[in-house]
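Across the two complexes that follow, chain A remains constant while its partner is chain B and subsequently chain C.
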Partner chain A sequence: MTAALAEKNGTRAARPAAPEGPPPATPRRRPGRERAFDDVPRWQIYVPLGIYLVFTLVPFYWMFLFAVRPAGSTSLVPWPMTGEHFSKVWNERSFAVFFQNSMIVGVCTLVATTLVALAGGYALARFDFRIKNGFMLALLCSQFIPGALMLVPLFEIFKNLQMINSLGSVVIAETVFQLPLSIILISGFIKNVPPSLEEAAWVDGCSRFRAFCAVVLPLLRPGLIAVGSFAFVHSWNHFLFALMFLSEQDKQTIPVGLNTLIGADSVDLGALAAGGVIAAVPVVIVFAFIQKWLITGFSAGAVKG
Partner chain B sequence: MAQASAAATPPKVPRRRSASPRRLPYLLIAPAGLLMLGFIAYPVVSVFYYSLQNYNVTKPWRNGFAGFDNFTRIFTEDDQFWTTLGFSAQWVIVQVALQLTLGLALALIVNQTFIGRGISRAMVFSPWAVSGVLTSTIWILLYNSSTGFSRYLADAGIGEYGTSVLSDTGTVFWAATVAELWRGVPFFAILILADLQSVSKELYEAASVDGAGRLRQFFHITLPHLRDAIILSTLLRGVWEFNNVDLLYTLTGGGPAGETTTLPLYVANTGIEGHDFGYASALTTVAFVILLFCSIVYLRLSKFGGDHK
Partner chain C sequence: MNISKTQRGRATAAVSLAAVLALTATACGDDGSDSGKEGSGKGEITFWDNNGGPRTAVWKEIIQDFEKKYPDIKVKYVPIPIADVQSKYDTAIAGGGLPDVGGVGTAYLANMVSQEALTPLNDRIKDSSLNGKLVEGMVESVKDAAGRGDEMYTVPTSANNGALWYRTDLFEAAGLDAPTTWAKFYKAAEKLTDSDHNKFGYTIRGGAGSIAQALDAAYGQSGITEFWNGDKTTLNDPKNVAALEKYVALYKKTTPSADVNNDFTKMVAQFDTGTIGMLSHNLGSYQDHLKALGKDKFAGVPNPIGDGGTRVQVSNPVDGLGLFRSSKNKTAAWKFIEFAASHESNSKWNESAGAIPANTEAAKDPWISEAAPTELAAKALTDGSTKIVQLPYYLPDWNNISKADNEPEFQKLLLGKTTAKDFLDKMADELNKAQKEWKEIGNG
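Up next is the complex of A and B:
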């Protein structure tokens, strides 16, 4: 039976599937005998995956198509290309300003969330203190609080702080709602770093802070990438806070700009698509870089943290 | 090595430890704690407070203590509360069930070893990073009646020209569902794939030796292993889908004819556009209690964290 499987998978030359097959010349992590257990017929992988890829990618392609083809064209291939929609949204619809604002909000939220969550996560992972359980409970409960329903009281707070129409209000609101999950995640990552490593550094004369920076921080890289990218992507994408707290046009962010395009009396689909591409590019780039770490980041026991 | 050096200078470790002040953990959680007190706890308390008030900017003469009037109104007079609550429940259940099923299937597929796995993972997970507004943007482009895909289908002789799935009460739910699935499935797929990494290969090996087929291996090894991750992610996702408004707000605006208005959307309309903040606060309180109750029941019924292996 194993021989038959090896036959069927003959396309994969380097696969030592059967014990009687070619000797495992290429060093593999697992010896040949075990391969048979998770051997799934190739079509059972490629057919559903292909269908799902079409479902995932066609919408992206559709947006790209609408963004680059001339107005009035109904061609399904993006040729000839035009940049008219991009220059229109970038200049006339102020997406240049929105883009800059979104970047400021995203980067500030990333930095603030990561720093505050590192401190909190370290406390939860390394100390026992009296309000620890209460604090954990508060973090978990806050997950149930709908940010959308907190808009009015938050608006009043920021009005009193005179922060309406300041990007700071959005940064604070995004950071606060990003914090609970980030703290839980980071404390899970820190728990995975053996305390003995830190203790060894203390023995060598490092302060707690230096030991943390020199020993723990480098090991937290996947976790920090996961949490930081969460914070960035989330604040880049979030819509309601920016919509409510930033009413001046030169303070608005990309999602608000997109919503304005959607809500226009006669929707300019080309401009909308170009705006969508502009909104998508940074997160897709961030995502392309982090997606490998994302899996390891989560599987490091973070979810069970 | 660490232990050896610690043993060489035994008194140093405890000294270091006691040298760190007992206040340190409190100092460390202070920034997070203060931010959450100011911008989560205080708004929550004020929502509870206003739920007992008449507070309407457009009718200031009625402002004042209202007792449980707002709540009585919700449960006895407000039909829209029940319709929107029903739609919210439908939305959450359909989304979570479909996202979980597809996400699980997707995770199992991309967990296999095959050529092109890395790039496939990156591509199928990519909508995870896309916002609700951008999802709306993309699907408006797909759904629009003049140049959306219905036009190309009509060109090919399928369906009629000018079909708009977003303005038809019969199709709008599924149109919105598909759009939300598109960006929601990767969340489950990522979490489940991460959890799949920790399934011990020996278990499958042993099961296979004992003659268990792949289906039995899935139900007796994979699913039990994923159990806690599935319970937690469905709960988080359910709450998130309940609370989240940006996709429906921008894609359908709650329409047509209020067909896709969720409870949070109704609350936002009442509080922000209707300026009836007292009543909106009472609705928020009710929504919060319902959510908390459902979550506790769900965790109890699913015996989360219990020993079940």
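Up next is the complex of A and C:
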């Protein structure tokens, strides 16, 4: 707001008269949190961040180095470069198939988790029912059950449902283990949307479902992206269920494939690193595209929910 | 907003129905103790490879040969990562879904036999082309590991053996003899170390798998040739204590300090990238050294000879093929086992793995004399020059004692937080108790 505009609006008159003497110095720093950051010299921010970045990236560099340098090379730079390890894991070690399977499991888990978490989260956010608190407590407690503990019962259930060796068994198991946290997160997001918005849509003739789709859903985008990406990345990386429920090579996923590159007494480090790069690429791409939404989503769910 | 009573009732009914279905489903499962059937000898069988990945190519070749010979049988090949094979078997034993044939090592054979997952093979071997064609030492190992007297639960296919790999170029440059004795080993470890330039004479195994290597060093130097003296283990014999003290004193002196977390992948990577003079690992890493260093820069010798003039080493796991009790087509499954353990297939597999064949005819094939470390190891196991200390793989607790319970203790020993005596006393105590319990349930 300029001084002239302030005068026009009368705000100046409302203020107490300025004291005699030299005009007060213009505040050089903005108030609040930003002011605290402005006080810190830049190097004190960038040097620790740089060290952290180097610490984080060195293992990735090492993986990349082993993946692209020829077998037997001890060079610390990725030159001369070779694609032999990528070719080996992709063609000879069936990573093309593993990648496809992991993608199917990841995308299906993402869709299933998001849809069910939306329904469950909406119920928790908008309805009051007798066992609501107990249900929330059960959801939280289920997070403490390790997947390995449920392995044999799940194995038997899927076996009796003729679902062993089916990617569907892994999708169901992953979805089930993702759901508690996802439902809790989504319900937090839905609670942040004022019910009056939905009620206004009902007054305009919308059904509950239509109102939800038209009014609530668009506002949940950060939350949906957070929950969906979390489900995708978790199922992409998860090893145990895929190892136990899938007993055919053409059904196995990337984490299982990576483990088969480590033998009893020998390990092909080049192939293992190339497999690691292939496994990391989709996750890096996912995070690169959604990081803005992810941060918004998690902070909204965590702080305001 | 309130949910109605009708809705609540429906939800309760749905949850109850799901629970009933789940419980019904779990109640119907069969487990590994299903006695299976002999079957028609035709159709599909499933084979789990217990070292899936590195051996996939050679197994697929063998399966192709088998299907050519027996066109009525199809083999479904499933590679299982070696690190998780025991948990995969345990889950399938508990929940059902075992294969017809599986690769089974002696390290976890007792566990599977005690769960009645495997079928005894003595009669089948006796009536087959394998009769009299299996290396006697390996037959004894699989019998011993199963812990059921003379009953054999796997057909041995290969054995590995510990080797001391060393850099011939570095030894030549330093004017050192090959480390064939423990005295030469310690001398070379010291002379090849230049820690200021990140060069070390030896790499010690401090992480996963450390116990077998430590026992090899202890018994190899002490010259004690039996693991049991009556009902008590010889593990904490004062000679073993002194030998282990000398061995762990190498840590940080002639080895990198990061070795406290060394598993075989890290050790092999260090050796193959050229900063280490000697490495204790089995024959399985031969191909890795060959690829990384070329054939002129390294060599391998069996465990060094002790002061008493005898080479002593601990037994290594023997790999084999097991026929699962729950198989619905045991006839076809046995045909596959017989074929895979036959001269040609066994030779092909072991040449690819750089391991010692279990088939006596395969053990005479020319490729063995061309792979010097394998030949030396094979001779060490068969010519009587080496005394083998048989580790108690038959104890169901062996894996816990030699891994989860005592690998962290060995790290403490390397870091100086415990003594060699305390470490060996603790492990000996656990082994004595396990042996007593094993005998109390009617074994031995």
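Note that in this section the second predicted complex is superposed on the first by the 260 of 305 C-alpha atoms of A that agree within 3 Å, B and C clash if a C-alpha of one lies under 4 Å from a C-alpha of the other, contacts with A are read in each partner's own complex, and residues count from 1 in each chain.
Keep this in mind: a residue touches a chain if its C-beta (ideal position, glycine included) is under 8 Å from a C-beta of that chain, and two chains touch if they have at least 3 such contacts.
Just so we're clear, the structure is a prediction, and the values are computed from it rather than from any experiment.
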Worksheet item: Overlaying the two complexes on chain A, which is it for chain B and chain C: clash or fit?
Response: clash
Worksheet entry | Partner with the higher number of touched chain A residues, chain C or chain B | B
Worksheet item: Just chain B (first), just chain C (second), both, or neither: which does A:188 touch?
Response: neither
Item to complete: Determine, under the contact definition given at the top, whether A:74 touches first (chain B), second (chain C), both, or neither.
Response: both
Practice prompt. Go through the superposed model and pick first if A:57 touches only chain B, second if only chain C, both, or neither.
Written response: first
Worksheet item: Regarding the shared-chain residue A:228, is it in contact with chain B (first), chain C (second), both, or neither?
Response: neither
Practice prompt. Look at A:129 in the shared chain and tell me whether it touches chain B only, chain C only, both, or neither; answer first, second, both or neither.
Written response: both
Discussion item. Looking at A:106, would you say it contacts chain B, chain C, both, or neither? Reply first, second, both or neither.
Written reply: neither
Worksheet item: Regarding the shared-chain residue A:160, is it in contact with chain B (first), chain C (second), both, or neither?
Response: second
Worksheet item: So which positions on chain A get touched by both chain B and chain C?
Response: 74, 123, 126-127, 129, 151-153, 156-157, 244, 259, 261-262, 267, 269
Discussion item. Taking the touch rule as given, give the residues of chain A at its contact with chain C in the complex, in rising order.
Written reply: 71-72, 74, 92-93, 123, 126-130, 151-153, 155-157, 159-161, 164, 195, 243-244, 247-249, 256, 259-269
Item to complete: Give every residue of chain C touching chain A within the complex, in rising order.
Response: 1-3, 8, 22, 25-26, 28-29, 46, 48, 51-57, 76-84, 87-88, 91-92, 94-97, 99, 105, 160, 264-265, 268-269, 272-274, 281-285, 287-288, 291-294
Discussion item. Which stretch or stretches of chain B touch chain A in the complex?
Written reply: 1-3, 5-6, 9, 12-13, 16-17, 20, 22, 24-26, 28-29, 31-33, 35-36, 38-44, 46-47, 50, 102, 105-106, 109-110, 112-115, 118, 120-134, 136-142, 144, 147, 149, 151-152, 182, 190-191, 193-195, 197-198, 201, 204-205, 208, 214, 228-229, 232-233, 236, 239, 242-246, 250, 264, 267-268, 271-272, 277, 280-281, 284, 287-288, 291-292, 295
Worksheet, complete the sentence: chain A residues touching chain B in their complex are 12, 30, 34, 36-38, 40, 42, 45-46, 48-49, 52-53, 55-57, 59-60, 62-63, 66, 74, 76, 115-117, 119-120, 122-124, 126-127, 129, 131-132, 135, 138, 142-154, 156-157, 172-173, 175-177, 179-180, 183, 196-197, 199-200, 202-204, 208, 233, 236-240, 244, 255, 258-259, 261-262, 267, 269, 272-273, 275-276, 279-280, 283-284, 286-288, 291-292, 294-299, 301, 303-304
